[in-house]
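Each structure below appears as structure tokens.
Across the two complexes that follow, chain A remains constant while its partner is chain B and subsequently chain C.
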Partner chain A sequence: MKDFGVGIRKIGFLVLSILAGLFLWQMFTTFSQIPSFIFPKPIEVWDRLIIVLQDGSLMKHALITLQEVLFGLMLGLSAAIITGYFLAKSRIVERVLSPYIVASQSIPIVAIAPLLVIWLGPGIFSKILTSALIVFFPVLVNTVVGLKSVPRELYDLMRSLQANTWQRIIKLEIPAAMPVFLGGLRIGATLSVIGAVVGEFVGADKGLGFLVNVGRGLYDTALVFVAVFTIVLLSLGLYGSVIFIENRLLSWQKRNGD
Partner chain B sequence: MNSANNHPLLEVKDLGVTFTDDKGSLQALNQISFSVDREQFICVVGPSGSGKSTLIRVLAGLLAPTSGEVVLDGIPINEPRQGVGIVFQKANLMPWRSVLRNITLPLEINHVPQNEANERASELIELVGLTGFEDWLPHDLSGGMLQRVAIARSLIQDPDLLLLDEPFGALDALTREKMGAELLRIWRVRKKTVIMITHDISEAVFLADRVLAISPQPGNLRLDLEINLERPRQEDDRFSPEFVVYTQQLRDAIR
Partner chain C sequence: MKTKYMLWILVVIFTAVSCSIQPANDGPTGELTHIRLPMGYIPNVQYAPFYAAVEKGFFEEYGIELEFDYSYETDGVALVGANELQFSLVSGEQVPIARAQGLPIVYVMAWYEKYPVALVSKTEQNVKTPQDLAGKRVALPGPFGANYVGLRALLGEVGLQESDIIMESVGFNQVEVLATDTTEVIVGYSANEPIQLKAQGYDLDLILVSDYLDLVSNGIITNEKTLAEDPELVERFVSAALKGIQFAVENPEEAFQFCFKYIEGLEDADQDVQFEVLQASMELYQTDPYGYSHPEAWENMQGVLLQMGLMKKEIDLEEAYTNEFSQ
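Entry: the complex of A and B
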């Protein structure tokens, strides 16, 4: 009951803040007299949105990006989880791999993206890979930290109960590392969209990043706005999904605090 | 039943444990020997750093001895095995599992069907006084209740030997006394062989048939003291002259 009221209030504030933002935007464009090919009014963006919705092009490009993002996430996550497990478990693996992993993080993704496009072509695969690359690091770090945070005493318990490796992973390590891991996934999920869009920027003929590029080239600034808002929406959707999963899996943590 | 019943359940022979690392070596236990009969309640006392916890880890099979051996029921202990229940210093529960699921964890690992596991757990939940708390999460329980869950978990596989590593160390004095009395009640019902580590001499005298006193660095067995107080023990026993003599003897031994 109380939660329901809090939910309504939250939504109320959200609507209010969006309306306030739109109002400020409208005011700014009206009074500053900036031409709309530089800074469009909200209503012009809205009209552009309706057009790209009706001709189906927004959906088409958004689905491409969504596809890249989801595959990128899956690839990045699997690679990060597997590497993370071995990093957390083996000193030797840690010593051999960590210089490369840290060094790879100092290279901005925009610098690697053109290489990937050259190697893999302008199709969807290069974008999946840029997305996977950017997802990899935060998830990896949180996987390692999560696994290292499993209490030693619980390992003793599992050993004393003669649990086998598989049981130890399923019943102890995965649930114990889950909170920290999901923290990494939150960051990874939002980054995955950035990765895919950066890839599209560098060379693509479809996707939301491509749409931004097209709009820029044509001075169709309203289209750029539409594409950018769609990207934001995609990010928020993914972020929300992770939060949803968190609430489901970590309900045992919820009770303390508030 | 079988000839094993004539032998002590547990025999510790010349047990020594030395930890070695880059900085050097530390002798935690030195030439410890004792044996324990079935259904005896043994307490091991000693100041911190006397290797008490090391001893229990060896008995649990979590740590291999450097020298000597530990024989349980005729078989040397080298690794964790069936028939030994352990209660750790911290309750050591999985915070994402309910009270019931924490207690049935050992059965789950041994692939006991869930119905049977629940049945066996509900008996123990009643024994340790947690009826009604089956679905609670560890966060929501007090320290004493957490240790009750841990005790129930250690008993669920009906072990011959129960090892307790300072199980009440983190509890306040009153709760500790209460849990001690509870433990005696459970022990009377379940008739286990118990070895309990504690740093509290009067707790040891109150609970045990025999108290072993270990001195620190290296851990030597200083005194193996038979406690001849009548059972069931009463709270008033703590003020009897014999009780005071026992505690005095133990105190002198580990000083």
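Entry: the complex of A and C
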């Protein structure tokens, strides 16, 4: 009952905060008399949202971006987990790969994205790869840190119990590294949307990044806002999903804490 | 004593602030008017008339200090529409699209006479006429901007639909995707992509949109406020720009030399190719008279944009452009 009350209060504050934000936005655009093509009023954005919802175009583009993001996330996660495991386990692999991995992070994704279009063609795969590339590093770093933070005594314990490699991975390393890994996944999930949208900016005829381009090309700033808010919503949805997974997977930690 | 010092400090601050907010300008006799001009593309030899006009002192002669800005075309249009800037160089289709969205911009000088978009393919593709495009993969930066409008206008002119071709959005990578056969046809500027590809040794076929339809092309825009309150500034700007065009047309080699100061890395680029780009651009510059845009080209453009759905309603074209400043 107490939890229910806290939940209601939280939602109440969120609604109030959003309403206050909308009110300030409306006041600012009304009194500053900024033209709509520079900064539209909330009501104009709302009207535009209704139009693109009714004609189905927002859903169509959002689903394309979501598809790219999910595939990108899967690809980036898989690559980061596998590479991270070997980096954490082998000093030689770490020494050989680290310079490349660190150097790759200084390459701006916007510089690489046009090249991916040339190498992989204008289809969905170049966007998936852009998304995967941006997801890779934070997940990799957290995988390595998570695996390296497993206490040595626990390895000794597993050895004394004569656990085989799989048992060691499943029973010890994955649960022990999970909290840090999920921290990386939170960042990766949010970044994956940015990656896909950057890919769409460079060369696409569908997706939310493309919708932003269309809005800009037509001086339809309300449409740009609608697309941007949808991108934000998508990021928040993914972030929330990771939190949900985190709560489910780490409930044992919470129970132990209690 | 303390009050005296404070007074002096206030006087110094006031003087400094007054100097910094003094409006730069007032024409040929006063200080120079500072104008920032969005060009809509990266530094390029096609802008040689503007570079020449600055270097030859034409803008200064008309009391203007010109600064080049290579931001996006749509940003330039929005800034002029909001009266943050007075002028911008844009492609023709932007004017009706922007005015339909309520941007009070006015086209005051034609820079190109012909719509510069072309469809380019390797000769083995056998794309000689627009009808040959049916079923072909056609790459362009995306379904927006001059390339897209040019493509759709051309398809419409010969009774084809967008669904009759396979359209591919490749960003500004048209040269690379045609060279690597990732696509079959590209849409680009006739004075740019085809010349770069020919220089790499490819035999090409070109279909010029302007051979099929007269569409209003690239030019200078201002906003209604500037036009109403300071028409003399518009006249000075257009006069200087037109003088630059005339100079570049009459002295292409000298105009090309001015480009080196503005285009980083030009000295390392293939000079012959770059000069060819300039010469191809020259053919587009030569409006008759200089700066003039044809009313039927505006009508055609509006028709195409309405048909494409890029404009929802007709606009009054009389308010969208003026030939008052052409020479």
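We adopt the following convention: the second predicted complex is superposed on the first by the 254 of 258 C-alpha atoms of A that agree within 3 Å, B and C clash if a C-alpha of one lies under 4 Å from a C-alpha of the other, contacts with A are read in each partner's own complex, and residues count from 1 in each chain.
The rule is simple: contacts are C-beta pairs under 8 Å (C-beta built on N, C-alpha and C of every residue); 3 or more make two chains touch, one makes a residue touch a chain.
Because the structure is predicted, anything quoted here is derived from the model rather than measured.
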Can A:A204 be said to touch chain B (first), chain C (second), both, or neither? second
Just chain B (first), just chain C (second), both, or neither: which does A:S192 touch? neither
State whether A:T29 touches chain B only (first), chain C only (second), both chains, or neither. neither
After lining up the shared chain so the two structures overlap, which partner does A:T230 touch, if you call chain B first and chain C second: first, second, both or neither? neither
Should A:N142 be classified as contacting the first partner (chain B), the second (chain C), both, or neither? neither
In the overlay, answer first, second, both or neither for which of chain B and chain C A:Q162 touches. first
Complex contact set, residues of chain C against chain A: 72, 74, 77-78, 81-82, 97-98, 101-103, 139, 141-145, 167-173, 176-177, 180, 182, 310
List of chain B residues in touch with chain A within their complex: 60-62, 80-82, 84, 86, 88-90, 92, 94-97, 105-106, 108-110, 137, 139-140
Give every residue of chain A touching chain B within the complex, in rising order. 151, 153-154, 156-163, 167, 171-172, 175-176, 252-253, 255-256
Touching residues of chain A toward chain C in the complex: what are they? 34-38, 114, 117-118, 121-122, 202-205, 210, 213-214, 216-220
